[in-house]
Amino acid sequence: MLFVMKCLLLLAISGVLRGQGAPPVVTALPVKLPPSVAERLSPDDRVLFDKLMRVGLEAAWAAVTSEGFPQCFINELHPLNTGRRMVGRARTIRYLPNRKDLRDKTYSQGPQLNYRSAEEAQPGDVLVFDAGGETHSTVSGAITTTRLVMRGGSGMLVDGCMRDVPDLAAMPISIYLRCGHASSVSPILMSLDYQVPVRIGSVTVIPGDILIGEDHGVLVIPSSIVDKVLDKAMAHDEQEEFQRYLLLHGEPIYGVYPELNEANRKKFEEFKKQKK
Amino acid sequence: MLFVMKCLLLLAISGVLRGQGAPPVVTALPVKLPPSVAERLSPDDRVLFDKLMRVGLEAAWAAVTSEGFPQCFINELHPLNTGRRMVGRARTIRYLPNRKDLRDKTYSQGPQLNYRSAEEAQPGDVLVFDAGGETHSTVSGAITTTRLVMRGGSGMLVDGCMRDVPDLAAMPISIYLRCGHASSVSPILMSLDYQVPVRIGSVTVIPGDILIGEDHGVLVIPSSIVDKVLDKAMAHDEQEEFQRYLLLHGEPIYGVYPELNEANRKKFEEFKKQKK
Amino acid sequence: MLFVMKCLLLLAISGVLRGQGAPPVVTALPVKLPPSVAERLSPDDRVLFDKLMRVGLEAAWAAVTSEGFPQCFINELHPLNTGRRMVGRARTIRYLPNRKDLRDKTYSQGPQLNYRSAEEAQPGDVLVFDAGGETHSTVSGAITTTRLVMRGGSGMLVDGCMRDVPDLAAMPISIYLRCGHASSVSPILMSLDYQVPVRIGSVTVIPGDILIGEDHGVLVIPSSIVDKVLDKAMAHDEQEEFQRYLLLHGEPIYGVYPELNEANRKKFEEFKKQKK
Amino acid sequence: MLFVMKCLLLLAISGVLRGQGAPPVVTALPVKLPPSVAERLSPDDRVLFDKLMRVGLEAAWAAVTSEGFPQCFINELHPLNTGRRMVGRARTIRYLPNRKDLRDKTYSQGPQLNYRSAEEAQPGDVLVFDAGGETHSTVSGAITTTRLVMRGGSGMLVDGCMRDVPDLAAMPISIYLRCGHASSVSPILMSLDYQVPVRIGSVTVIPGDILIGEDHGVLVIPSSIVDKVLDKAMAHDEQEEFQRYLLLHGEPIYGVYPELNEANRKKFEEFKKQKK
Amino acid sequence: MLFVMKCLLLLAISGVLRGQGAPPVVTALPVKLPPSVAERLSPDDRVLFDKLMRVGLEAAWAAVTSEGFPQCFINELHPLNTGRRMVGRARTIRYLPNRKDLRDKTYSQGPQLNYRSAEEAQPGDVLVFDAGGETHSTVSGAITTTRLVMRGGSGMLVDGCMRDVPDLAAMPISIYLRCGHASSVSPILMSLDYQVPVRIGSVTVIPGDILIGEDHGVLVIPSSIVDKVLDKAMAHDEQEEFQRYLLLHGEPIYGVYPELNEANRKKFEEFKKQKK
Amino acid sequence: MLFVMKCLLLLAISGVLRGQGAPPVVTALPVKLPPSVAERLSPDDRVLFDKLMRVGLEAAWAAVTSEGFPQCFINELHPLNTGRRMVGRARTIRYLPNRKDLRDKTYSQGPQLNYRSAEEAQPGDVLVFDAGGETHSTVSGAITTTRLVMRGGSGMLVDGCMRDVPDLAAMPISIYLRCGHASSVSPILMSLDYQVPVRIGSVTVIPGDILIGEDHGVLVIPSSIVDKVLDKAMAHDEQEEFQRYLLLHGEPIYGVYPELNEANRKKFEEFKKQKK
């Protein structure tokens, strides 16, 4: 549901329902980008991220799926904080189980990829770590993530685990992970590949993908279709806003949802006109 | 523990312990039914639900078990919100993995059962969805649940997953589920049976069962024994209230719990008289 | 990170960064021992527990590991409350699946071990229950834990489950467990051994071990090395505090972390002098 | 692959390859229906079951999927014996966790459904037990299954477990299950519904479905499409037989599989003619 | 089912059914103790083990349960070989996750417990290793087990894993385990306690318990009730033998199983007389 | 244990033990390479593979670990056949969850990688498929594997699943996998990377690694250390052969294993001389 509209809708309803007691709350509070991200975004990204913060996640899921990408939602990880929304652009890193020969070769060629990815992150980036679901060794921690925050990083998506969890939870950044651990990377894992396709839960993420995360998971949107997805989804949101409005006025669900009946469809057309 | 008594007890203790620093908090805050439920209940149900909101969950478990129903507690699902108590009456729906022939036949006979069950819900009802633990396809979402709230629905118990999780978490309704997902129902599941016995976690739930849910799970009480269970459990709660009182005054656990010794039993009799 | 320092650091930064907007929050709020524990500790333990409340968990993990104890972190359990820190000394209890002959023999020799361990707990103790990961029968509940609180107990670490979860969550004590259940102990488990080595998740805990728990897990420190671990870890924390300070001023991660470069190492020496 | 053809093919190849050493074995031995089933089948079923015993499982999967039933393969259970093929017609039974009220009511209305389903089984039937994946209580055992064998029963598909496993493994019947246990049904489960749609693994099975099982799982074919599926699949098998023939003669995979190139397609047409 | 009787029964049936084709095989082949065990047993144990090799596992389960021990069957482990029966007397060893201090202390006091238990094993003993389900470090291997075989050891029950699996599978000994691994003990585990109660799967095993294992799991019989259990179970087996006999002659299950009807009960009495 | 020696040892023992009954079998039967592999190997590989077929897997594990590669054993997969030994050289393929954009791009650049890897396989190669543990979509099947067999391929290591399982099980090739399925690749997965480092279970495999598999798992040996590993391991095997010999003659384990005592060490030196 469009979050800006939610506020308008709630005001509208409160007038309509005056005298009947407050209507029940049926939508989450609107959320906004943390300043550490918002203030660093490019002008174009401000427009894009503003939409990403408002679009309904499920409407966007439907649009992505209808474009031919049904394997697009990650619900195997857990958010460190609830009540936030993560939006951003994927920057991917792949970890593998440690082995000395490969590790020595890779690490001699440059910094470990958790440092490098934090340092190279662009405003609005989400670091995406594929660690194969490992839960007994971490991929990164609070100090490296501090650098990510300073760079305008928006989030982390970790199919594995992180250390320094309480500090991470306090940061203005959204983090999804399997679980936490106190370990450093080295006992079990090593970073290997940078900006390659990776597997997170049951979804493939590639560099540049657009991500939207809520409490229950993260939607992966190929960047080539993001505009189309947002247009479709926001039109859908508008109808859902109206459907909610009808239900909050006591209408039965038949004729309202999932499809509006003839009479309600006309009302919806008027509703849309009034909003302009 | 009886929640109303909890308040009295805390007041009482605060007098007794004056001068010694505040006693530690050892009981959860009392919780109450949301207005969207409370205001719609029938007079009989107001009495019943009032007791269900106050009775100790563990005392009720012991009573249900002693009546011959040891498989009565569901701890395989997770509550969307902590610090709430769900009470209500089961209205069951069974989902199965999608197959075209059965789906076409069933859906041609009437609305999908998430819509129907929301529309037909009576005040205080809990929709109980058996989706076999499926975690990659949902059974329902926020708009349908808005209708449930408007009907006075009290909760949802989903052995599967739901979409629109942040909106659901904001609603005045208690929801237990495996996890969330952004998917619609259709890719994997279909609704099939309505008001039949279902399996939720490791417990059978039948239509009309009385449910009490806290953060750690949901107790299933056959409606035929609910009065007996409440009587037994509330008597038990009264003793536990007194046992807590003794412990908060520094008594050792031997002689207090699980059984009162002779001396404490006498004090308990006086305690009960004073309360009247 | 040292929690007292965190406050100083945040003040310092706020001065330095004046005019640039507030720096992002990158550390968790400091936490302190609940009065029910703090007021009962021996003078020696006050000193020890004060350090345990401030030391960085990950720094301590590194120190424990470097002392030859790499299997020292438990992340298989979940905290009942987030945002707390558990510190304490292990008092262990071992549960096994019920069998009548052994149960009768054991229970005839004295009280069940959840009662006994609560009663004998010393200020700052953490009860450690090895129930083999059992999730359908509890090991203890709120009333017994009330006694533990009155004794100055600091926490519970349960490889199994507990009943009365909302009450437990309200108590000034930290609890880690697999999940909750409403059951009593008896249908599936029995307590058997007291103050023996036990397995919690993938770590061996022995009586007297020092425990530090945060949201993501619990570090187990053999008591014989706790002073050495704290010294090492706190020195490490000081450097991390400085590294964070540099990053919050916009320095790139290279040269700052994981190792300070030559220039930054000199600044660190000055930083340490200024703090004295 | 058509099993009868396999034998012909192997003979053919052995001639062609004379002088070069034996070709590697690349197909499983043909299997046949046990006499206890074969001798009791109706004439129509003899024709049907003969095809079901010969058709390639993967070819049939492709045909079922292309008919609009992609959720048709159960690989969550394990066969008691390898090297067998199960074919048959589903007769379904649904178990739920035990509860006294429902059990008393149901069991007073007739025999438990494991007895009834064995007694009523028709030749070629497969008993399909949905026990929700329960692994600590069985649904049936060897004596009841002896009756099933005497009735001409062809197999059992159990999303749960069975007792008397060594005896079952010796019987001329194919059994798929989660695991075995020594328990009777009663401690945890009860039989409830007969000949209703059930969930086995991630597939819905309805009475009358046609089942084909190999070592790695069981294909579920709606009876309404079984003829179409067999025709499609057997045509496909014929091509695969030819593709294997080419590969065994040393041709590279390109041009042979998954699609035949122009030249090989012509050879295939001749191959088909020669077989007639 | 009594294995000796099985042979008689099959002979009997073959006469009765002459002219009708062979009856289906519905019982497993009888199995016997390997000579390495049988030849070393004491005279008393020969009598006992002979019964243990013949008694029906499920009948014995029912008897153990009716004696008040419902948690008596382990089905969480896998046998290395199928088609064997393990019988023996438990000799228990407890492993815990490695920690240097405890390991050094324990190992300085005597040999590791896998060596000691193999060396001290008595004929007919089963080594029972509780390794907490660990699957990435073994508890013992083929050479130590060779010594166990030479001592007359009958089996191993390992809640963890073993190395040298192919060699172990070739030995005349029954082994149940989680899985195999090539690792030695030392990277993750250490042996700690000898001849103490342990947890295997969901069952407590104590030294001296009598164990019967088939392909689907292991029954644990407290030694104090083993005679009673065998008497009860063997009487039950005799009835099941007769019930099978009736079913193999084509009788319907009603009236035969689970309870014999009046007419069949009389036939059973005669059947028992004839056998004497 | 060296397999060739096993035969000698068994002969030797049979002489020594004459008159005492046959010694128990304590070693697995020797296994050999299938002709389809053996006949195609290069002369150098014949020497290497001959050693790989004989070396003790656990001795090799110890050598690999001592060279600094402790994460070298895969026990998360299951062999299709027991009683075989897989040896070979890794040829790796990486699968990811399907997504249309990446799939179209990759598949337009050449054949799918299961075809390509089978076609390009060199004698003795093992195809190593990293499919992230996926169990509902396969990576390849019997026809493609037929080509692999014709190329002299030695095995397949699949962190995912395969179709046509009975045919695969009949082939002269060793296959390890999560489980089987009837599905083709396309519904869920796509092949993406060829000859890159991959994760199989908890081990990183790179192209060219040497693999040894037995029933319980697969050892991964970096090719750079294979000669050193074989030398170390075979020396170790020789000692284990002698230790077994002593135990089979009735010596106690102390003084024999894990270390030979002084007296036995001398006998071992003589034993080695006699063998030459």
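Each chain gets a letter, A, B, C, D, E and F, in the order it is written, and its residues are counted from 1.
Following the convention adopted for this analysis, contacts are C-beta pairs under 8 Å (C-beta built on N, C-alpha and C of every residue); 3 or more make two chains touch, one makes a residue touch a chain.
Worth saying up front: this structure is predicted, and the values here are computed from it rather than measured.
Colleague: Trace the shortest sequence of touching chains from chain B to chain E and report its length in steps.
Modeller: Steps on the shortest route: 2.
Colleague: Common contacts of chain B and chain C?
Modeller: A
Colleague: Taking each chain's centre as the mean of its C-alpha atoms, which one ends up farthest from the centre of chain E?
Modeller: A
Colleague: Work out which of B-D, A-B or C-E repeats the contact pattern of B-C, with more than half of the residue-numbered contact pairs in common.
Modeller: That interface is repeated by A-B.
Colleague: Counting residue numbers used by both copies over all numbers at the interface, does the chain A-chain C contact come out same (over half shared) or different (under half)?
Modeller: different
Colleague: Quick check: how many Å separate the C-alpha centres of chain A and chain F?
Modeller: Centres of chain A and chain F (C-alpha means) sit 43 Å apart.
Colleague: Report, in whole Å, the distance between the mean C-alpha point of chain A and the mean C-alpha point of chain E.
Modeller: Chain centroid spacing, chain A to chain E, equals 53 Å.
Colleague: Can you check how far apart chain D and chain F are, centre to centre, with Cα atoms defining each centre and the answer in Å?
Modeller: Comparing mean C-alpha positions, chain F is 31 Å from chain D.
Colleague: So which stretches of chain E touch two or more other chains?
Modeller: Answer for chain E, listing residues that touch two or more other chains: 202.
Colleague: Just spell out which pairs of chains touch, all of them.
Modeller: A-B, A-C, A-F, B-C, B-D, C-E, D-E, D-F, E-F
Colleague: Please give the residue numbers of chain B that touch chain C in the complex, ascending.
Modeller: 1, 21, 24-29, 57-58, 60-62, 70, 73, 75, 82-83, 202, 214-217, 219, 240, 243-244, 247-248, 250, 252-254, 256-258
Colleague: Give every residue of chain C touching chain E within the complex, in rising order.
Modeller: Residues 68-69, 71-72, 96-102, 132, 188, 192, 197-199, 202-204, 206, 222, 224 of chain C touch chain E in their complex.
Colleague: Of all residues in chain B, which touch chain A in the complex?
Modeller: Contact set of chain B toward chain A: 34-36, 39, 111, 115, 118-119, 135-136, 141-147, 149-150, 161, 163-167, 169-172, 179-184, 187.
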